[in-house]
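Here the structure comes first, spelled out in structure tokens, and everything after it is commentary.
By written order: A, B, C and D. Residues from 1 in each chain.
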Amino acid sequence: MRHTYSVWVVGGDQRQARLAELLAAAGHTVYTFALEGAGPLDGVEARTELEQAGQGDCVILPLPALGEGGTLNAPLSPSTYAICDILSAMGSGPVVCAGRVEPALFALADGLGVTLHDYAAREEFAVANAVPTAEGALQLAMEELPVTLHGSRALVIGYGRLGRALAPRLSALGARVTVAARKWSDLAWVRAHGWEAEHSGQLRGWLCAYDLIINTVPAPILDEGCLSDLKEGCLVLDLASKPGGVDFEAARRLGVSAIWALSLPGKVAPVTAGVIVRDTVYHILDELGV
Amino acid sequence: MRHTYSVWVVGGDQRQARLAELLAAAGHTVYTFALEGAGPLDGVEARTELEQAGQGDCVILPLPALGEGGTLNAPLSPSTYAICDILSAMGSGPVVCAGRVEPALFALADGLGVTLHDYAAREEFAVANAVPTAEGALQLAMEELPVTLHGSRALVIGYGRLGRALAPRLSALGARVTVAARKWSDLAWVRAHGWEAEHSGQLRGWLCAYDLIINTVPAPILDEGCLSDLKEGCLVLDLASKPGGVDFEAARRLGVSAIWALSLPGKVAPVTAGVIVRDTVYHILDELGV
Amino acid sequence: MRHTYSVWVVGGDQRQARLAELLAAAGHTVYTFALEGAGPLDGVEARTELEQAGQGDCVILPLPALGEGGTLNAPLSPSTYAICDILSAMGSGPVVCAGRVEPALFALADGLGVTLHDYAAREEFAVANAVPTAEGALQLAMEELPVTLHGSRALVIGYGRLGRALAPRLSALGARVTVAARKWSDLAWVRAHGWEAEHSGQLRGWLCAYDLIINTVPAPILDEGCLSDLKEGCLVLDLASKPGGVDFEAARRLGVSAIWALSLPGKVAPVTAGVIVRDTVYHILDELGV
Amino acid sequence: MRHTYSVWVVGGDQRQARLAELLAAAGHTVYTFALEGAGPLDGVEARTELEQAGQGDCVILPLPALGEGGTLNAPLSPSTYAICDILSAMGSGPVVCAGRVEPALFALADGLGVTLHDYAAREEFAVANAVPTAEGALQLAMEELPVTLHGSRALVIGYGRLGRALAPRLSALGARVTVAARKWSDLAWVRAHGWEAEHSGQLRGWLCAYDLIINTVPAPILDEGCLSDLKEGCLVLDLASKPGGVDFEAARRLGVSAIWALSLPGKVAPVTAGVIVRDTVYHILDELGV
């Protein structure tokens, strides 16, 4: 991996703006396009044409790359750009990175001779984002609960990346943590960390003691039956991507306080979110030997 | 200590309301007075007269007990009561507890034959409140910073109760923690916990690396010179009681983001704050052999 | 899963003896065979014949089940038993569990109509044993090093089960922890926990600062070149199963203190090791619906 | 404080030897006397006469300074020296530091015109030594117990320096920790850290659940009555200085495994123990403005 690159940061929101500044601060030559609303960025040159992007080393498209109706996702730009025009401008020169690329977009890019590298599909990207997601969930819980996390009883449902980031943080703040998971080996890990372990298939009837329940599993787990078990005042946070894991309709009927919190990293820590994109793009460049 | 008491909760805000409910849930007979605005409380009888308070085992006045102009501090009541009328109604029967009692109020009570027990002056009360204060500070920092606490560099100034509650929490969330203190033995404790230690007398010139600075010392430490050293975007939280430790006037001039956060427990965790009053009152009763 | 079983604990060492006592204490009817040297065990009936084992619910053979030359592994018994005689006595009635079963033994049992269930091959068994292994490694490091773990610099090579159990323990005791791993996602986890991350392929030349190096990878990583980089007094622990990861011959030549520590759970915590076998056997019974 | 000094390290054991090497490594000019048995030390000049010590900046005597019958404590020297001869050689030039100085020795030194500075009497010295003491206790517990600390139930008696160093370490390793203390404010701290709190005056009858009990209070707490409550196999460690807190005679009668572990830092981590003396001497020099 070389030390400095010429990088184009194209479209996106504050996360992309912060990313551009971070790359400039690291000594790279950075151009932006379709980020006008972010204002002047330190060390970054804003361009109104993409013409020279094809001569850059790397182009970074946002997460997701695609906006509505085949456009570039560019909420900070007053203009609208067809994604195919954007891709056409790249040619085969630079490494083109984008976040959460769907099959149709891969195919479109391919047809235009552009190979897309999806940074959001990489495991290390997801792992790194578990940290700001977990902090965002703690912040929400602190804001909503009338008790401290210290001394509270908290249930984390699921022991994937989010569960692994959440449980130690809750525990370190003094909550009594239970993790519900399905696999014996996950339950063994939960116990190895010193937390209580429950089978996620056997939650009904065992939920009445918690002050806080955080779901991370995208499957219908907290249904009406479970929700009616909850102690008065219990807060439910759902961090699972669609379709989520909570019956929000039932929660409303039952008067249960339930919040569906998505895309926390960009909201609670945009600079950190930019750092994570930057590091993942570095890994892509490193592996490509650019 | 007996198992159940007759307790009067008189005046105060949501913390007192929660306290009344907590005492009722523990099996005590609980009456409230001058808490009308809290609405009906579970298991608690609201009274409009204090006459029978003298026959109770314990009366709990708010923190602080005294409102403006010699009145009872009773923001949830539509009426105004002279504190001397309140105290006169107690007689010498019940144990009368109050928060943050000033010498004049002690003297006044004495003259009326009432011995006041200041729960807020007890060390265990202050220690227990360090937890909700620390959580409140974390919440504020998470809300204000564009980076995660994980990976940030945080400075805690002072290693009294608040410093001791803050440093492990910041560290557990992944911040690189430095604690500034004055005594060699405090610095030894800081190192024994694995954090960086700095002399609080030698901060000037060493502040440019922090993302977050939390002051807990009520003395003018972060003056204009220190504040002008800070890295752009550094957040300053001042948890010190009056006169505080930050020159907020200078911070405004320099564009430094500085927040003076006082009385966090009652604001961020009123139920926990009520639990702490309850437990401290239990200790007082236990020591008095009531 | 039923509440009580009739269980035969056959052969093995102190771990099997403790297992028998633990099962008896949980209310099961427990018989032992070929464990004479363990002496009388609480609540357990020692048998000198296996005849009735076929009527039991479950038979637990040791880890490994096989001793030298086709015999039962039974170091606490004065007698020697051919493993095929042992298996023949079971018949098809009980669930027969054994530890670390090699293909030849599976085949032999199959021929005798016995289905072997290898508890040591299950992920949750390996996870749970990572804890006593990690504690054993801490104990060794504390015994050997002239400095405290607190304040020391420790390198953990590998981020599998052992690495995940070791790093948080070292860190919690105040060591500055670096973890070397190969995958970007593992390195992301290492950073998410707040430890330093290094590529395990790039260790040569970067090893001179460590006081303690713990290898968990069964591949030749710490070769003569690496070992000659080490700081004087650095302790090397190798927890990797054969062939291990350290060139012990070179370590001896170079005067590097290196210890190959295998099978720690049974040595440092035989009761805990017994608990882990018990729990894993419970999972097997539960899944079989016995 | 200047950058380099001329320091004499006189008498003592391996801790003093390591101290001499540490000071030499830091760039000071270091002479030893009466440390012959430690062999040649890196960067250090061994002297057979004390004549020139009076021209040094600092002299460091061991902990304790006094051996039997008015001699210098010098177990590594073949010779015997009267402490008054040693002190006489200093004159009033250097800063003379010594560990655990009794009133008679202060008086003797005073009479010879030498002001002794007791580094062991300083709070930061005691705090820093709590870390190697706590690690030594963990090591002992790991060596003696047949279960892992993870998952065990541990009681720490006393919440002074040792209790504060022990409880977080035990907890971090996965033990369920209870701390017994006498003061409400200490109990509040214990709860603020998330551990169970018990009154140390009410232990009798509540001791049957622990796998490990570590006493830190130098008063007769674990008497015969308490010891007969213990669960079979419970390990008792007494870290309290004389007279200790355990009735060892009764423990032997009752078959309770009890160990009185004193002076752990020098035994388990002599280099760290030397670092702590060095740093404390630095503080003394700094405060004297030498």
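We take it that contacts are C-beta pairs under 8 Å (C-beta built on N, C-alpha and C of every residue); 3 or more make two chains touch, one makes a residue touch a chain.
A quick note: this is a predicted structure, and the numbers were derived from the prediction, not measured.
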Relative to chain D, chain with the most remote C-alpha centre: A
Shared interface numbering between chain D and chain B [over half = same, under half = different]: same
Winner on C-beta contact pairs when A-D is weighed against A-B: A-B
Separation of mean Cα positions, chain D and chain A [Å, integer]: 50
Chain A and chain B: spacing of chain centres that average the CA atoms, whole Å: 36
Touching two or more other chains - residues of chain D: 131, 150-151, 168, 174, 191-193
Residues on chain C engaged by chain A in the complex (per definition of touch): 122-128, 130-131, 164-165, 168, 183-185, 187-189, 191-193, 283
Complex contact set, residues of chain C against chain B: 150-151, 174, 191-194
Interface residues, chain A side, partner chain B - complex: 18, 131-132, 135-136, 138-139, 142-143, 145-151, 168-169, 172-174, 268-272
